[in-house]
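Chain naming follows the written order as A, B, C and D, and within any one chain the residues start at number 1.
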Amino acid sequence: MVGQAVANVLFYLIVAVSLWLAWSVVSSRRILRAAVALMGVLGASAGLYLLLGFPFLAGVQVLVYVGGIVVLLVFAVMLTRSQELLEDHPSDLRHKVAVLAGGAFFGVHLWALRGMPSARAPRVSLPASDTEMLGRALLSTGADGYALPFEVVSLILLAAMIGGIVIARKTQPGQAATTEPVHPLAADAALTAAGSAEQLAESAPAPVSPPVREAAHG
Amino acid sequence: MPDLSFILSHAWLIPALPLASFLLVGLVLRPLHKPLAGAVATAAVFAAAGLSWWLAFDYLHLPKTAGGALPVLVPTSVEWLRFQEGLSVHLGTLLDPISVMLLVVVTTVSALVHLYSTGYLHGEDGYGRYFTFLNLFTFSMLGLVLAPNLVQMYVCWELVGASSFFLIGYYYDRPSAVSASKKAFIVTRFADLGFLLGILVLGYYAFTIHAGMGAAAAGQQALDFAFLTRPDVLSQLQALQGQFLGIGTLTLAAVLIYTGGAGKSAMFPLHIWLPDAMEGPTPVSALIHAATMVVAGVYLVARSFPIFAASAEALQVVMVVGAFTSLFAATIGCTQDDIKRVLAFSTLSQLGYMMFALGVASYEHPLGYTASMFHLFTHAFFKALLFLGAGSVIHAVHTNNIWQMGGLRKYMPITHGLFLLATLAIAGIPPLAGFFSKDEILAAALHSGHTVVFGVGLLVAGMTAFYMFRIYFVTFWGERRLSHLHHQDDHSHDDHSHADPHESPAVMWIPMAVLGLLTIGAGFVPIPEWVRLVPLDGKLPEAHHGVDLAVAIPGTLAGVIGIALAWFFYAGDPQRANSAVLKLGRFYAVIKAKFYFDEIYLFVTKSIIFRLIAGPIAWFDRMVVDGLVNATGWVTRLGGTAVNASQTGQVQTYGSWLMSGVVLAVVVLWATTRQ
Amino acid sequence: MLMLPELLIIATAFAVLLVDLFIAERQRGHLVLLALAGVLAALVALVTITPDTGALFGGRFTMDPLAWWLKLTLLAAAAVTLTLAQPMLATHKQAPTLGAGSEFMTLLLFNLAGMLMLPSTRDLVFFYVALELATIPLFLLTAWRRESLSSEAGLKYVLMGALSSALMLYGLGILYGVGRTMNLDLIGRNLFPSPPVIMAIAMVFAGLGFKLTLVPFHMWAPEVYQGAPTPVTAWLSVASKAAGLSALMLLTYRVFPRLLPQWGLYLALLATVTMTAGNLAAITQTNIKRFMAFSAISQAGYLIMGFLGAGPNGPASMVFYLMVYAVTNLAVFAVIALHHQQTGREDITSYRGLSQTNPILALTMMVGLFGLAGIPPLSGFVGKFFLFSVASKAGYNWLVGIAAVNSTISLYYYLRIIRQMYIEAPDPELPKLTTPRLLGTALAVTTLASVTLGLVPWVFESVRFSAAVWLEAMPK
Amino acid sequence: MGLASWLILIPFLTALAVLAVPTRRSDLIRWVALVGTAAHLALTSYTTWAFWQEASPDLVAVRTETVSRVYLVERVPWFESLGIDYLVGVDGVSMSMVILTSIIIFTGVLASWNVVHRTKEFFTLLLVLVTGVFGVFLSFDLFLFFMFYEVAVLPMYLLIGVWGTGRKEYSAMKLTLMLMVGSALILVGFLAMYHANGSTTFDLTKLAQAHFETGLQRWVFPLIFIGFGILGAMYPFHTWSPDGHASAPTAVSMLHAGVLMKLGGYGALRIGVYLLPEGAQYWGLFFMAVTTINIVYGSLGAITQKDLKYFTAYSSVSHCGFVLFGVATLNLMGLKGAVLQMFSHGVMTGLFFALIGMVYGRTHTRIIPEMGGLGKVMPWLAACFYIGGMASLGLPGLAGFIAESHIFLGGFFGNSWTNPILSRTLTVLATLSIVVTAVYVLRGLATVFQGPVRDPHHAELTDATLTERLSTGILVATLVVTGMVPGLLIDLIEGTLFPIVNRLQATGMAIPGHS
């Protein structure tokens, strides 16, 4: 009973912290601060996993998200000029619309999950070691195994990696700016950004990039 | 129909000849060889005329029916247009006294006019075209005359209208001729609308009756005259309950059909086209606008007389309009300066005569019917002669204005003599043709108890004599006024004005002479004996014979007085006429302007129909209806712009949309899901 | 054998990546042929060897007759995409090129593999993972061109994709929570209409609607289509839609078969909004790729009409239309890619007088556009007609009316391009285009297919037969 | 392959043949097109004969039937699971329309002899368009029908857009879009009928045997009628027609006004009235009223037009109104009149547009007041114009009268289920147009051809060339023969119309409250 009570207290505590941090993630205009808050949110999630009795998952959460992703994020932020990453001032309308949409989504959400049938359902009996279970399941090819998704995930990661490398490479040998295009006209377009953006600016009523739009507003 | 002679059973040959000639001349000869075209066309009509006389001869020798009347034959009937069972149109030939009579008149006058025209239009550009249409006209007119049903009548009716249109517009580079031809066609077309509606109304009820009769109607079609004039059908038609604006159905049908006739026969107020139609070549006026086509209206009423007789109101309309027109036209006729126009108004007036004669007729007093047809017969000859005479004069002096003529009897003795003959005939001087028929009409009016109409007839007879002799005196008597007048206004015609007018060539005066003979003789043809209104029971009463002196004397007297007045005013000192005109003042001016009817029509068409209806409709169509179409496109485009505006380029907005989409999805899904 | 096509594709992807390391710069252009060979091999394998039913991995990977058609479409589309990309990949030294050709192809093939697996998945995890493999490489490919428009498009795509994936995952999570099994065939038994389920479905629709470009989840499409390299746009327009459709069909028919008929109104509204908004927005476009994006959006609206009503005609019509759409759209994109490659222009007015400078290209473009507009006797019409028929049968005659009127609107903007090509005089500054042989072949094949697919009855009849079999085998 | 298929295929093959000719050989292109269409004309004649051989023995039997008989049928299953067949055949109405189209395309090719700009594409598109038209007239499967229907409509866009004059892009777009909206409505109707019938089929002959419930008929019929009505220039959806005709090149105007607009009337009759008799009865009077507006409004609109093509287009609006009016009367004479009017208006308006093209080719103006006295300069064209004009104002002896008299009688006779007063009043209003027609036809023609030659340059112009004489001559001859011997056409079409009327009457009896 006491354990249950403690768990409840802890649960609400973690949830509260998590909500507070999450709010500061989206509301903070300083990106680094937001990143740190995000780290907190992710950590809090790990806490929830613990409470639910999935220590392995909690560990993975801390390792991958807190230790990996967010740290990477912070590095990225620190390596770039912070001025660029400052969130621009959202226009009033957009602000309201966003709040409305988010609020409505949240409202609907509450309504929907209110009657979640299995919310209080008796817990499925947990195996003694969820780590082992996870390991077996991930590598088994049978009806209970997840070997196939596991392999597919590896493909995703590989793809992301390759893509990341290609895109992140600063310039490639033989890129547009340095070589002569096939056709003289193609040169215009080869200065791609300029070419298409101009056309677009003329043609499409909607400007392409938010900064342009905001600048125009401001 | 047992043992009909060749021509009676092949009456279709008579219209077929001009038709064949029309095709031959129009398609082959016209471009190739013009003189030959004229010759062929003329020959064909002469052949048709010969056949008609032959046919008339054979017809009159047919055995009479039990009731003593000449038989009614339909020797040919070929299905042409099948609307539906019981309502199919057969092309055929209907031979009865009036159609045979008219057959003779039409072919004879047409043949003479064809002959005359070869001289009149000699060397003109449109020579071939002219004869093409003249043939077409002759064919259509014959088809009209022989029509055994209302639709064939209507078909040929329209065709004569069209050929009349083309012939009036013969001088198509002359704007006045062009507008006159349009006017003639459109006005008569407007009237034909009535005819068409009449056919629709009558067709519907007749068809209903026809369908109800079953076997009793076998072999007959609903719109056949033979069917429509059956006593049992007529009584059923008469019994129809339907009312439209308080008018009985039968009356309505009859009046509508009469409208068509009134248009063709230029009854008031549809008369305006006829005087203008004089823009056509004069032989055309003689044939179409005097002798034949314009009497089609009279013929139509006579042809469907049993229907009119079944409706007293309809006959009343026929009579009143006819009488009024005859007086009205005679009044205007006294004031016109164009020789052909005067003749045109006299035609109007005479047509009015024929109409009111029909209007006063009834089964009790059938004389009007006979008289009308008789007058139609005689009028055709003397009026054609008058026109050909006028044509001869115009041919010689190149003007229509009587005040530019004068003294022509010296130069054109034959024309003068024949013209005088015809003028006397129209004035009703015995023993010329006009006298007999006019006498009969007046008698019919008097004896049927329409005294007012009789009075009007008498008055018109006098006026006719007056204005006819007015143009006669002005044209043929006195001094030649042509040369100096001509000098004043047109120097380009010098060569004409210096030469003296001379008599027309033989191809022109010979037809006139033939018509002159007919003018003298036509009155003695026993038309009244042959053409009689057959009562519904088919038994003819005793024929009325001889001249009724009580009518003949006042009639002739009126003519004489008219001539005397004309002599007084126009034969001698022209000042007399001028002072009389001055005394009449505005009244005269109004009459001379033909009571401004042309202007009224012009106002209605130009200002009201064109400017107030057609113009706004065209505008409405472009601006409003089409505008709505364009507006649809515009709104669609606007929608496109609006949708595009949501494409702000900001991911945040897109996210908002996405979330809202989820929310909306939940709402809709929840609303539609049955628990 | 069941997975042979997928395995071949993955193997090719690795092969391309590896071979690239060992060959000279100027030979890299030939790598396309390698990739193409792999795809074609997979295609042949699919057609000749792979059975259309069967299961692997304890039923997680299951082949079904309809999946067979979807895979066929995807493989064919990939082959065409590779030929479209070939000029850009081959002319390695020339701008505007894609650069890093082998990596590009590898990613494309990975992506293809994911899409191929998607209709065969039978449990939530595999489903989600396959879906991600079918999505994430697209983000990268979009941003491939190193210029701001492309990068911006990639970024937007990533962000929106992440959002939709999150929603999707959340929805799937709820489904798992309620259904208490990962197995798609079993999960439906436990699902009853309740707020959480509705919520989950809404989120799944949002996630897949994102891929299918259903309004209002479509907003990424115009910018991504415009910004992405043209071959990627072509691939995106076809493959993303195919993946989205196969996923949606998988979930709706397999997981919610009992609920689907009740959502007719929602689907009808979704279709209405999608096609209308797409069409309206397309009217005012001047950039041809952006324009094609809106066109693709509206096509999605027609596509989901097939979900209305019961019976095999619905899925059959959708798959058939997808095939038709794929070949037609690819034919159009082949011309766009060629045009862009050689003139550097993307604006609609740059197609002026194409019918006189390049009559054949103009003709194929016209056939393609008319196909998209649904003009008979092209198969675009036939496909659309079948979809309309499905909606009509379900009683949504108003939707058919709206859809038909929308077709008219769409005709307006397709005609705008045709007007440029046929009515306007050619622009003397623009060069006469030359058609590489490979691309020409692809163009010919797709055009021919877009004409004949609808005229030859057996394609649809086979699809319909497959759909009937597939529906029979559904968990009840 | 049977005759019907060949009738569809020949123009298509000709189009392919034209495509195969090198672009430079424009003379050869023309000849190929001419030979193809001539062959088609010959085949049409043969088909007519073959059709008559089969159909004439049935003429008595069909008088009491309720399902039209189709002859020379070819049926190939197509999408079997959906009940879609390739089903072509001929009946009286379609036969008459095929004859019309065949004549018009042949003369149209002749009339476009002087097209020099992108000749190959022009003839190809023209022939593709006709392929669609023949397809529509010959197909008895609604799917196939619809397919051909759009094939017939769409080439028009390019034909007008490329070879047209004036605001051609606008007109072409408007025309195409409005017609497409029409086809959208039709599509909805087709699908509703397709599914309403328990056994899903698009086979017209089978659908005719099915009974659709009254409610369905009532809402589907207006869709079909308006949908086809748009193509038939029904008020207020007619505005594409003046612009489209004015902008289109000669042969296209000919085909469009002459044939394509007939698809509207044809569809309304063949599908609307035939399949949905109850719907037709419910809406008949309404559409009679609408088309009466058409008739009168179109003719009044024509009066003030200055451009010859607009002038003719408005007159077409009026005349096509007669077609739809005839269809809406729902009795034998009206329906027959509608078909006859389709035929006669097709020939007539084809003639008009051919002539306008020829006159325009010489004077380079279509503005009526700028011309004058041309009759002297080009007597052949003037004569043909007058014959056409006379036909359009319903002069007996020419085709127009035959049709209009049927329609007026049909409208006036009405039906047992319509209010006689209303239908008669509408008919009387409609008859007014014959006067108005006379007014504008005579005014227009008089201005152009009569009076003195207004423009001195025009005095130098030449009359029709041999090809022009041939094309106009054929059309004029058709008008005259139809008008003189209407029995030919009436015999052809009547057998098909009896069943339609019988159905209407059978259901008309059954309607409660209608008597």
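In this text, contacts are C-beta pairs under 8 Å (C-beta built on N, C-alpha and C of every residue); 3 or more make two chains touch, one makes a residue touch a chain.
Quick caveat, the model's predicted, so the values are computed rather than measured.
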- Query: Which chain's C-alpha centroid is most distant from that of chain B?
  - Reply: A
- Closest to the centroid of all CA atoms, by its own CA mean, is chain D
- Per the centroid of Cα atoms for each chain, what is the distance between chain A and chain C, given in Å? 26
- Message: Please tell me the distance, in whole Å, between the geometric centres of chain B and chain C computed from their C-alpha atoms.
- Response: 77
- dist(centroid_CA(chain A), centroid_CA(chain B)) in Å evaluates to 96
- Message: Roughly how far is chain A from chain D, centre to centre by C-alpha average, rounded to an integer in Å?
- Response: 64
- Mind pulling the chain A residues that touch 2 or more other chains? 108, 112, 204-206, 208-209
- Shared-interface residues of chain C (touching two or more other chains) are 195, 198-199, 222-223, 284, 412
- Task: Could you list which residues of chain B touch at least two other chains?
- Result: 641, 644, 647, 649, 651, 653, 655, 657, 660, 662-663, 666
- Which two-chain combinations touch? A-B, A-C, B-C, B-D, C-D
- Using the touch definition up top, name the residues of chain B that touch chain C in the complex. 636-637, 639-644, 646-647, 649, 651, 653-655, 657-658, 660-663, 665-666, 668-670, 672-675
- Spell out the residues on chain A that touch chain B in their complex, using ranges where they run on. 90, 94, 97-98, 100-102, 104-105, 107-108, 112, 204-210, 212-213
- Message: Using the touch definition from the top, list the residues of chain D that touch chain C in their complex.
- Response: 77-82, 121, 143, 146-151, 154, 157-158, 161-162, 168-169, 173, 176-177, 180-181, 183-185, 187-188, 191-192, 194-195, 200
- Residues of chain C touching chain A in their complex? 10, 17, 56-61, 91-97, 99-100, 103-104, 106-107, 110-111, 113-114, 117, 125-126, 129-130, 132-133, 136-137, 139-141, 143-152, 154, 174, 177-178, 180, 194-196, 198-199, 222-223, 226-227, 284-287, 290, 340, 342-347, 429-431
- Sites on chain A touched by chain C in the complex: 108-109, 111-118, 141-149, 152-153, 155-156, 158-160, 162-167, 169, 171-172, 174-176, 179-183, 185-190, 192-193, 195-197, 199-200, 202-206, 208-209
